[in-house]
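As structure tokens, here come the structures.
Shared between the two complexes below is subunit A, which pairs with subunit B and subunit C, respectively.
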Partner chain A sequence: MVKAGNWRTRLYLSIMFRVTGRAIQAAGRRDPELREIFAALPPGFSFRLSVWPDGPELNIETDSSTLPRYGGSKGASDPSLHMEITSPAHAMALFTFAESTTMSAARGRLVTRGDLSHACTMVRVLDRVETYLLPRPIARRAVKRYESPQKKHRMRLAVWLGIIFSRGGSRS
Partner chain B sequence: MNNSLRYSFSFHPGPSLFSGYHALAQLPYELHRRGIRRPAVLYRKDREGERLVKGIRNLSFGSQCTPVYASYQEPPPEYDGVIVLGSHGDPPGSFHGAPMFLILTDFQTCREVSRNAEGIFPEAVFLDPSYYAPFNTEHTAATAVIALTLLLESLQDDRMNPLSFSWTYSGIDHIIGSADCLKTLEGRHGVANAAVSAGITASNTGFGAVSTLAEALAVSGFADRAETCYALLPYVLDKLASQEGMEQLNQFIEHPVTRLQQLLEQLSQLGGLGTQKQQIITLAGCTRSIADSPQSEEIMQFLSILQGVTP
Partner chain C sequence: MTAHRNFYRFTSPLLTVAGHDALEELPGLLRSLDMLHPLILTDPGVRRAGLMDMVSAILKSQEDIIGDTWFDQIPPDSDTDIIAQAAQVYREKGCTGLLAVGGGSVIDTTKGVRILVSLGGEHLRDYQGADTISSQLVPMAAVPTTSGTGSEATLVAVIKDARNKRKLAFTSPSLIPSAAILDSRMTLTLPPAITAATGMDALAHAVEAYTGLGRNPISDSYALKAIELIVSTLPEVIEHPDNQEARLQMAVASHLAGSAFSNSMVGIVHTLGHCVGARCGIPHGICMSILLPYGMTYNLHRCRERFGKLLQVLSGKSVYLETSEDKRPEGAVAAVKALASRLHMLTDGAHPLRLRDILDRSGHPIMKPQHIPVIASDALGDPSHLYNPEEVSLDELISVLRAAYWGYPLDKDLVKLGHQK
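Presenting the complex of A and B:
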């Protein structure tokens, strides 16, 4: 069966999902604000971000110590929160930072299944992670309101090292 | 009971509207959400139709949807939804009943999304500038004039309510913003949006005398819709100047009547309109006098104009 989007789109999205997933795991373990956010989520919370119909997936689960764990494309069969991007073209707009997560949701390109408060929380998490991943001019376009976190550069280095050296989905 | 409680209105929201770049990428998901697996894609078998079909084919890759491509004249035997490419003509009666999705451009009659259209009230409308045909300013200007007529006539209607007004104002604003850049994709997209706004407004307030006559003359092959609208719209504007609808518009547009008259002239120049102006005005005069006192002379004059003979 022919897959949605061309091979460049699929490759780019696959890399971006991997980087974002690992960044959520790395930042969620090091940034005090993100740790607080994840601690407030219910125990065993699972989150999936995917591209409809057969695009890449990003699965995050909180472990017993309420820290986020990136599960690659393997995740709970019925996640607590599932955010689905409605097409590869819309995913490209989101992950090339042409539009922010909130704009994407507002335009009906990001469909959410699960608790609305959890969806808002995860959008905040994604925004925060993007401020660590991206230089300020690009991050300004990618997030709703840009806030420069404390010790940003130190945290940015830690997040990027976490992305490169973490075992991500293979972590047991 | 005070006035605000006595005031009541009804508003029928139009179809789901997806507008802007990547809007059409939403189509496969909308079909999937409604459980449509085998939609009939109706298109004209010309170069433009083939171009649009290629786009739809690329979009449906990976989804479980298997579209059946067909022309208007040869409907497929089985389908559970209908996707109409472009706005030219209504699909035949055999397609009525199935959920319908319209992919529109800046070339519209503005009736595509109206409830009054014959059985063609769509579930969703898509306006994606990347799928517009190579530009034709005359078509775009004609659509703008038709949309402007529907919008201004709706301002005169008693059924106008705050929600209809917001659609009307949005449509007029789109046309004003697009008139100076009608040759660009931005301007064309503005006109396409205005045409959809006009259709949704007309669904709620009904069609006025000018747009009804324009439709009748277009169906009879006497004059284009835009020609009729251009010829008779100044009368609508004159009447509007003293009405409540214009008072509302005054809050948003400075000197609306003058501005709209200038806009109409600008659009008519771009669209090359005005060739049948005098004939249409005479014809409209005849229809009015026939309605007041049906005399055989006036009917004969009316028929002679319709047959293309100058009275």
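Presenting the complex of A and C:
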């Protein structure tokens, strides 16, 4: 099996995937806008983001209350939506926030299996989560248009506490 | 850390034959593509217009080509059931390729059939997504009979799922047809109103490709050439529908615009247009024509220089030079509006300028003001806005739709300028 990138790339990406996955779970349960977005997805929706060929992956599933749950590298065998970043280099561009998720998609760096409108939804989710996760100057680069969410500081704290104390994805 | 590699992709693997009698090249093309027994797909309208007789006559004289296997019942709102039926005919008759003769619906349906007969399986929805189809598909040639969708040049197929009426979207370079034939005779009988609407669809493709996030220098050159051809020939084909040279120019323009947006994708004009079309059954080209100036205004602050450059292509060099640099972007929007108004005049009002002016048979507006919030909310789920230069939100989409509905200018203050502010 070809190893994706060098060990530093692999380590960085696997940390970032875990942080992002936990942040989606934490923010998706607290932020009203994200809750609304997740509620609009079909019941039992599952999402996987991965890096070709054998990079890290993150899995999100919505539970019966339509709230997102992060499952680390454990997810549905055939997720409703699977977005695969086509190389570790592109994953680095995305997760060092040199390139926004939108630009990655526009430049054909993501293979998306499933309903493209759901892909669109997940890009919105990632953008929103990044505004909580990242300091403003970096978040501005990572999203198409930076909008400071309401109660940002309180949410940011909650998201980071969620990342640190959540057990989701501990097996990844 | 790995350095970020910056590059872009442009794909156009297709063979294009264009000319006043390009269709005569069809037999040679079928031989070179190794499709001596094509399944020919079309719709009843194309058949009624006598265009199929032309295809039949050309194929009948070829001994080595089986040219009488048809599937001619494609409705305007084709879906996965129709595709499954056509795929069944393809398999039963042992065809070796697909020939689409028609507008966007026929060509997209044929792309769906192509996926099914090449990859097997029963359900098209298993293949939906972006860049998911990487294998070689059976050969497909397309003969467009409208100048607008550019579908004969694109990697996109949008097909309705018969089960839940949702749109399935497929984008993969393998979906670009193997060959396209642009023959001016194919669009000669197109009525003025349809010519106008489809032509404005092509213009929307080119403008959105030129200003969208996925643009690159190659798609730019296709888009600019397309715009140049459209502004110089669209009014002419409406005034003189049998001007074959102008018809050919429009076919080429639509083809170039298709290739451009196939690479750089479209934006807010299509996002809203898809949803107005789906909710109210308004033809795509009409939505494009009405929404294009509003979509441009919405995005203006994101790439003023680009919109400024468009003025030169839309209105000519002298207007461009006479207009001060800071007024050029707005000038480009005005030029698009002026073109739409001219089409409105030339078609005796059949080409509408506001969404509320699109009437049903009893003379009432098809779209009602109460549709606006529903359509805006649908639009958030339409993948095309991903590539729009400015972010969109529900409130902003409502503002754009309202303005386009009543025909008043878009209040730019309603568009949040995000972090540019």
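The criterion applied here is as follows: the second predicted complex is superposed on the first by the 167 of 172 C-alpha atoms of A that agree within 3 Å, B and C clash if a C-alpha of one lies under 4 Å from a C-alpha of the other, contacts with A are read in each partner's own complex, and residues count from 1 in each chain.
The rule we apply is simple: a contact is a pair of C-beta atoms (placed from the backbone, for glycine too) under 8 Å apart; a residue touches a chain by one contact, two chains touch by 3 or more.
The structure presented is a predicted model; accordingly, all values stated were derived computationally and were not measured.
Participant: Quick one: on subunit A, after the overlay, do subunit B and subunit C clash, or do they fit? Just give me the call.
Facilitator: With subunit A aligned, subunit B runs into subunit C, so clash.
Participant: Can A:11 be said to touch subunit B (first), subunit C (second), both, or neither?
Facilitator: The answer is neither, since A:11 touches no partner chain.
Participant: Considering only touches as defined above, state whether A:161 meets subunit B (first), subunit C (second), both or neither.
Facilitator: Touch status of A:161: no partner.
Participant: Taking the superposition as given, does A:89 touch the first partner, subunit B, the second, subunit C, both, or neither?
Facilitator: A:89 contacts both subunit B and subunit C.
Participant: Examine A:121 and indicate which partner it touches, taking first as subunit B and second as subunit C; both and neither are also allowed.
Facilitator: Touch status of A:121: second partner only.
Participant: On subunit A, which partner's contacts cover more residues, subunit B's or subunit C's?
Facilitator: C
Participant: Based on the superposed arrangement, let me know which partner A:113 touches: subunit B (first), subunit C (second), both, or neither?
Facilitator: A:113: touches subunit C, not subunit B.
Participant: Let me test your reading of the model: by the given contact rule, A:52 touches which partner, first (subunit B), second (subunit C), both or neither?
Facilitator: first
Participant: For A:145 in the superposed arrangement: first (subunit B), second (subunit C), both or neither?
Facilitator: second
Participant: Could you look at A:39 and tell me whether it touches subunit B, subunit C, both or neither (first, second, both, neither)?
Facilitator: A:39 contacts neither subunit B nor subunit C.
Participant: On subunit A, which stretch or stretches are contacted by subunit B in one complex as well as by subunit C in the other?
Facilitator: In the superposed arrangement, which is not itself an observed complex, subunit A uses residues 5, 88-89, 93, 107-108, 111 for both subunit B and subunit C.
Participant: Would you pull the subunit B residues touching subunit A in the complex into a rising list?
Facilitator: 18, 20, 22, 25-26, 28-29, 32, 59, 61-64
Participant: Where on subunit A does subunit C make contact in their complex?
Facilitator: 5-6, 8-9, 12, 40, 88-89, 92-93, 96, 98-99, 102-103, 105-108, 110-117, 119-121, 123-124, 140, 143-147
Participant: Inside the complex, what are the residues of subunit C that reach subunit A?
Facilitator: 1-5, 7-9, 128-132, 166, 168-169, 171, 212-214, 264-265, 380-383, 385-387, 390-391, 416, 418-419
Participant: Spell out the part of subunit A that touches subunit B in their complex, as residue ranges.
Facilitator: Checking each residue of subunit A against subunit B gives 1-5, 52-54, 86-90, 93, 107-109, 111.
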